[in-house]
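Dropping the structures in below, format is structure tokens.
Look for subunit A in each of the two complexes below; its partner is subunit B in the first and subunit C in the second.
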Partner chain A sequence: MLGAVVPMAEIEPGCHLGNDFGCGFPAPDASIFEIEPYFGSFTKPVFLLLLGSLIIIIFFLAAFRNSKLIPGKLQSVGEMGYLFIRDGISREVIGKDGDRFVPLLFTLFFFVWIGNLWGIIPGAQFPVNSRFAFPVGLAITVWLIYMYLGMRHQGPIKFFTNMMFPPGMPKAIYVILAPIELISNVIVRPVTLSIRLFANMFAGHLLLTVFTVATFYLASLSLVGILGSATSFLMTIIFTAFEALIQALQAYIFTLLTAVYIAGSLHAEH
Partner chain B sequence: MTWLLAAEEGGSNVLRIPLFEFFIGLAAFFIVFGVLAKFALPVIKKTLEDRADAIEGGIKRAEEAQAEAQRTLEQYQEQMAAARAEVAEIRQQTEAERATVMEEARKAAEVQAAQIAANATSQIEAEKAKALAELRKSMGGVATDLAGRIVGESMTDDARAAGVVDRFISELEQAAPNGGQN
Partner chain C sequence: MKSAKEPVDAQTPNAAWTVMNNLIAGILLYGGVGFLIGYFLGNTSVGLAVGAIFGIVASTYLIFFRLRALDGGHNTQREA
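For the complex of A and B:
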């Protein structure tokens, strides 16, 4: 039953378990991430991306533009976000001299988070970062900053030799360690940074779609239909809550790793 | 796995990076970053710094006020102690003065009393001597007259008469104790 894969676009209306169509379970596949553009190249994720960007700008301008010593409600909420990034990530990972990177980390966190959050917002229900192009763009940006800061603070060659020859190892180990360190820092880091975010959002959205489709597919006036549909619906709810957690967590991890990379570029890792 | 298969079959490849999405994603990110970094975050950064200053300033002011209060209290206690010491000193002085005055008064009174007693004694002595002298004189006269009359011998010769009288009196004085004993 599950083996029969039907692209979502081809699902016939009224395709239910046990009716006469004889259609199998229309398991969602990668095609659910390919959405017809509204116009030109403006697809749903692009639209959500721009809307999310606008929301971030409006919210934080409203919250911070007229900030007072004794904050109002909006400013308090905004401050929580700011202090979370500054104290919880920047100062924790980079230290006090990381304060100049707070705007970057702050923007990264909220930009990624709202992009993820669209995945469970009713009506939108599409995580922007499940489109690989967006995490890749962010990861390349982070990588360029990482490389630039490293070469500026440690020297263009020292940066790489520091990274390849961590002190305190037997000399022979460096034969293996040096290339591994180079590859892991320069190539693996940006790749994993983008894929981690993308894959989590991709998988989460696919999972939610599977249970949502199953809820409709199984809905019929039979014991199996009622039980199956109800269970699928419950799973949809549970995984939505789970997704909410994952979305914030992935935004946090993305920002945290960026801070870790910046910290590593400012001072040679020991 | 299905999406990979689909990709191989020429369908959708989720790892494909459409350039439009890539660049609009970057543009959106940098616009958000630019606006927040320029207009929102410096404001809140400054507000938080001001708040920290205000709180630290408040704490500092409170500490100063407390120190001031402590100083005033110490001053007050010092003054109190000084005043107490002064009172005690004055009391002691007064006590000493009182004792001296009383002692002096007592001595003066004693001296006066002694003087009065001495005056009285000497006056009495003088009176006694005068009385005795007068008595002796008058008694001598009376006795000589009487003796003269009895003896018929003139006892007017003063020198002899006085010698007789004196002898008589000393005999009397010698006899008096015997006579007293008899």
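For the complex of A and C:
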């Protein structure tokens, strides 16, 4: 099952510790993210993305369709997810009037999370967000939302001046610092938002692949082979658990920062 | 989970990433300005280096200023 991380053709049949064809460890590189499309430009990440969306839709439809006052098992889990987003992120960061953004944050969290989660699900084993276009699309959406909200709630010019001139600074310093604020809030924010998610998923997938390939490369009847292969296999398991943590954490941070940006657009800093 | 009781908690990751964003923005902006000045004076590499260092200093001051305000109990998110 774990071998599905790497298409078996990736590993040269000759490259193995046990035989002597003169080729070394086939270290996986960025090419493992280049996947042949099924047809047209319909690739595995696209398929996993659609499947993930479908799973979320079906799960929450099933959880909330027959809402009862005393929730069943499925409804309890669904409500737990909802309350986590509403109380843990939205009300904590935006406040009571953030309740109208809960559907957005809720969708964003579970969409990002299942996109990441595909990285450790056996058979799929590809985190959708390790392809840069997906985080970029999400970050552009977030950018459009908080720019629009800011211009609408603070006024199109006030929004930028509030952003550029945090109160209480010596006047002369503003000349130097205001442009930094503007660039960091308007340009750098969406860039770091997308790169953080992408790089975490990219690195995690690469790490898992390295140890999986090493498990196969080293597997042979020698001391180094047995010990090395077993260790690599153990590391694969450990890093899979670690990835599970990172994936949830990245989805959480993405949602949390979106909430913070929305909050910043709704109320100017005092 | 009581809502809006420890707002600083939720502010911590945001503050951390604001530091990052400000540093990047400062280096990019003043590195670029320095590069341009250097271009007209005939030495782009010195201009870029001086500009980037100036950018780091400026954004560090900005970060220092903002985090001090955050730490001073002036919570920006609390409802009026």
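A few comments on the model shown:
Heads up, the rule we're going with is that the second predicted complex is superposed on the first by the 256 of 270 C-alpha atoms of A that agree within 3 Å, B and C clash if a C-alpha of one lies under 4 Å from a C-alpha of the other, contacts with A are read in each partner's own complex, and residues count from 1 in each chain.
Methods note: a residue touches a chain if its C-beta (ideal position, glycine included) is under 8 Å from a C-beta of that chain, and two chains touch if they have at least 3 such contacts.
Predicted, not measured: the structure shown is a model, and the values here were computed from it.
When the shared chain is aligned, no partner comes close enough to touch A:F159: not subunit B, not subunit C. Once the two complexes are laid over each other on the shared chain, residue contacts for A:W118 go to neither subunit B nor subunit C.
Applying the stated contact rule after C-alpha superposition, one finds that A:V188 touches subunit C and leaves subunit B untouched. Once the two structures are superposed, subunit B and subunit C can be ranked by residues of subunit A touched, with B on top. With both structures placed on the common chain, the touch criterion links A:D87 to subunit C but leaves subunit B unconnected.
Once the two complexes are overlaid on the shared chain, A:I56 sits against subunit B while remaining clear of subunit C.
Look at A:T141: by the touch rule set out above, it reaches subunit B but stays clear of subunit C. Applying the stated contact rule after C-alpha superposition, one finds that A:Y217 touches neither subunit B nor subunit C. Residues 83 of subunit A are contacted both by subunit B in one complex and by subunit C in the other. Looking at the complex, you find that subunit B touches subunit A at residues 2-3, 6-7, 11-26, 28-29, 31-33, 35-37, 39-41, 43-45, 47-48, 50-51, 54. On the side of subunit C, the complex with subunit A involves touching residues 1, 3-4, 6-7, 9-11, 13-14, 17-18, 20-22, 24-26, 28-29, 55, 58-59, 61-62, 65-66, 69, 74, 76-77, 79. Interface of subunit A with subunit C (complex): residues 83, 87-89, 91-96, 166, 168-169, 173, 176-177, 179-181, 183-185, 187-189, 191-192, 196, 253, 256-257, 260, 263, 267, 269-270.
Within the complex formed with subunit B, the residues of subunit A that make contact are 5, 7, 27, 29-31, 33-34, 41, 43, 45-46, 49-50, 53, 56-57, 60-61, 63-65, 67-69, 71, 75, 78-79, 82-83, 102-104, 106-107, 110-111, 131-134, 136-138, 141, 202.
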